[in-house]
Amino acid sequence: MPTFTLGELAKLLNCPAPVGAGAVITGVATLQEAGPQELSFLGSDAYLDQFHAARAAAVIASRKVRVPETSRTVFVVDNADLAVAQVLERFAPPVPRPAPGVDSAARVAATAVIANGAAVGPMVVVGARAKVGTGTVLHSGVVIGDDVVIGEHCEIFPNVVIRERITLGNRVIINAGTVLGTDGFGYRWDGTKHAKIPQIGTVVVEDDVEIGSCVCIDRAKFSATRIGKGTKIDNLVQIGHNVVIGPHCIIVGQVGLAGSSRLGAGVVLGGQVAVRDHVTVGDGASAGACSAIANDIKPNTIVSGTPALPHRQNLREQAALRRLPALLDEMRKLQAEVALLKKSIEEK
Amino acid sequence: MPTFTLGELAKLLNCPAPVGAGAVITGVATLQEAGPQELSFLGSDAYLDQFHAARAAAVIASRKVRVPETSRTVFVVDNADLAVAQVLERFAPPVPRPAPGVDSAARVAATAVIANGAAVGPMVVVGARAKVGTGTVLHSGVVIGDDVVIGEHCEIFPNVVIRERITLGNRVIINAGTVLGTDGFGYRWDGTKHAKIPQIGTVVVEDDVEIGSCVCIDRAKFSATRIGKGTKIDNLVQIGHNVVIGPHCIIVGQVGLAGSSRLGAGVVLGGQVAVRDHVTVGDGASAGACSAIANDIKPNTIVSGTPALPHRQNLREQAALRRLPALLDEMRKLQAEVALLKKSIEEK
Amino acid sequence: MPTFTLGELAKLLNCPAPVGAGAVITGVATLQEAGPQELSFLGSDAYLDQFHAARAAAVIASRKVRVPETSRTVFVVDNADLAVAQVLERFAPPVPRPAPGVDSAARVAATAVIANGAAVGPMVVVGARAKVGTGTVLHSGVVIGDDVVIGEHCEIFPNVVIRERITLGNRVIINAGTVLGTDGFGYRWDGTKHAKIPQIGTVVVEDDVEIGSCVCIDRAKFSATRIGKGTKIDNLVQIGHNVVIGPHCIIVGQVGLAGSSRLGAGVVLGGQVAVRDHVTVGDGASAGACSAIANDIKPNTIVSGTPALPHRQNLREQAALRRLPALLDEMRKLQAEVALLKKSIEEK
């Protein structure tokens, strides 16, 4: 990894040059883990104890944190998360990539078109009439089907499978082990067996999408399963046939979107969320981890729970459920009391 | 994709030849998406608005739908879903496959037996004594272990791994990225560590099974993990060691079946369902998405919820839970009322 | 598979030699499935019916089971599970492996260091400066990134991807289709798009870890995502960036650990459990299947439910929930009764 001096990092963060500006910094770490050549960060008062004990060469601190008097080098910034991201961008080592051109151990169909400046690694297979744009990298073991179109400056990590007739925009990242274009899960009972319903559609992945590892995005029954521009999908997510996802969504690990469900723009789904088939989640809506969304969700609402409810309602119900065992006891007691009252009235 | 005339499609659907029977149709799409050269469909009254606005060349409509007077070409059929499936079968383009024979970039063990008419693609590895039946296709990057037996007319999509000694029937489809035959997850604590319990069994996949992408089916501790004939498994499903699945089941995405669980015939499990180890789900039973099945389920019952309950009971409980916060308030109120009554009686 | 005589197996189990000690035994199976040349086992009274009907050559029985008088050969042992594991170890056929050395169809970087006695199979790719220890096996289609360090006697099954700069200890097993070192899922909204936060850390897998198939373990934002020694991870598990897992944990299939969550030593997580980001699960704690852990869990506690609660509390709440619909009816009845009482008092 590259290294920087304290002074260089101060300048990057628009902070005054510290004492010992020439000290070499080799990376970033948490307050607990940072060594004397590393930078760390303090985002909230909750970590002040760790701040005092830290061995870091310097600490990036949010302006909102009440940093105590210290001899330590502190870079005070408006937003520590953003500052850390900026520093990480400098430290980030380049991703190792196969050299531009087609590796001798790749198998590329004669009718495929690999742009100048694209890189095709070893053990890669590219099908007939497939197109790969300039700057795009196909890492080792990737399989690209016939008639696939991949835009420019995409990065397809090892052992990804992109089945026939799929289209990817520009600057798309697909992480290792992911599969695009499996037939949608559609059968009809013909009296003796589940007969396969042909899935003749495709998958369209728009510009600037990133897709995690071991994600499955199924081919549409007809027309296209679609992932909107700038959407980010975490690992092990299942996306059924004919799902349409809007732009700039965030879909966390192990989410499952059943067939023909729709997400608007800027939707955020927490880990392990399930969305029922044909359900629509409106623009800007978000769902807490593990929610099961069985009905349409209005734009800009927050839901949680199984089944998913408006978040506040879910919190209220959960709080009430915590008190339910006691409520049953109180009910027994009150019933007994009322019976006694009744008796005492009848006796009067 | 192939194209058809309107007249050819009318004949396929047993409908009278329409006006303009020579018009060329290029595919199928939803009412909202279909262009003037595409066919669409109307399965329920709910979509009548879309029907009026549609640009499709013709619309397949279920007899039960009250289709309004229209100059549009409408094919009235008993079952629109079935009719669409029939049309899709005609439009379905063939799956691109490696040519029959063994690709020069495949590695096939000298003792493996590849039937005439089987196709082994590039970067495929086939182990010692493995047998691959006629008509079977091993797509790019597939890895077949020693002593595996694969029947006839199977299709194994790219980068699938089938470990040693697994057996597949005929017409089995395994989608990209799936792994069969990993050791079952079994350990015993030996006082200092989790010692591995050998998993010496196998996996048997019967005829006409389809398995999705990134599915994991583990090898049995002994004897076999078994997938019954005609069963269909969606993506990202986990099937533990010694699971036995009956024929014609439907297992939707991200389901997890723990070790030694059993599904009868025709069981349907919704997405993300979990089944506890050693639990039996009876013939014809079905479980709603996200159910957690912790106890045996009787045949032909419907369950839902976490934990899974009879579906009607779950609906009743959920409806009651929606009213629980109000119930707590009512309880407080009633307790106060009873206390007042009591006081007023004592005062009398 | 190897075979043994009944007498050899008796000796292995420290049992007296049976009548017919020379009979050949070919394997182990359940009481229902075992044939006349197989061994079976009886771990509890619940299976006595199956014991009577069994065709097995001999049965291993736990001392605690009240085995009836029988002419059948029975090996009585303290712990049938342990005895079966011991027998399975003998019957276990060796895992087929590529021969030591580098296969001619592998692509190993000139600067990689493959120890003597390591085996690199066909279609494997090993990156620059990677190190592979003695006795380690890289099965077909494995992709090892630049600067990866793999210890001794590891086994990496087919099509696994280990991205750049990851470190594995000794005797690590990684099952087919798993991906280590994908970028953690981290973005910041820059006003117009989700900008990627560089993930410059790594993954460290300690000695004697086993990882299932299609597991995703993400690279840390900085420093390392860490899997403690002797921990065992089942299939389809998601492990986010900067997660730290202690030694000797058991993580069952489809679990999801969000970023920066921490598991202590000896933690057990049932299938499909979710752990929220930055949450700590204490040493020796365990969580029932499908739990959603949203807050820190104290050491040696058992939790279950969504959200996860102390297990006994969850059982109490679930029992109360079963009675909630009836409680609502009782409430209506009691309210009516109190209204009547009130009226009758006012009338007096």
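The chains carry the letters A, B and C, assigned in the order they are written, with residues numbered from 1 in each.
Quick note on the criterion: a residue touches a chain if its C-beta (ideal position, glycine included) is under 8 Å from a C-beta of that chain, and two chains touch if they have at least 3 such contacts.
In this text the structure is predicted, and so the values were computed from the model without any measurement.
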Shared interface numbering between subunit B and subunit A [over half = same, under half = different]: different
Fitting subunit B to subunit C on CA atoms, where both chains share a sequence, rotation angle to nearest 5 degrees: 120
Intercentroid distance (Cα basis), subunit B paired with subunit A, Å: 24
Shared interface positions of subunit A, touching two or more other chains: 123, 141, 159, 177, 214, 236, 254, 272, 306, 321, 324, 327, 331, 334, 338, 341, 345, 348
Subunit B-touching residues of subunit A, taken from the complex the two chains share: 107, 123, 125, 127-128, 141, 143, 145-146, 159, 161, 163-165, 177-179, 182-183, 185, 187-188, 193-200, 214, 216, 218, 221-223, 236, 238, 240, 254, 256, 258, 272, 274, 276, 292, 294, 306-307, 316-317, 319-321, 323-324, 327, 330-331, 334, 337-338, 341, 344-345, 348
Contact footprint of subunit C on subunit A as seen in their complex: 1, 27-30, 33, 81-82, 85, 88-89, 91-93, 95-96, 103, 105, 121-123, 139-141, 157-159, 175-177, 208, 210, 212-214, 230, 232, 234-236, 248, 250, 252-254, 271-272, 289-290, 306, 318, 321-322, 324-325, 327-328, 331, 334-335, 338, 341-342, 345, 348
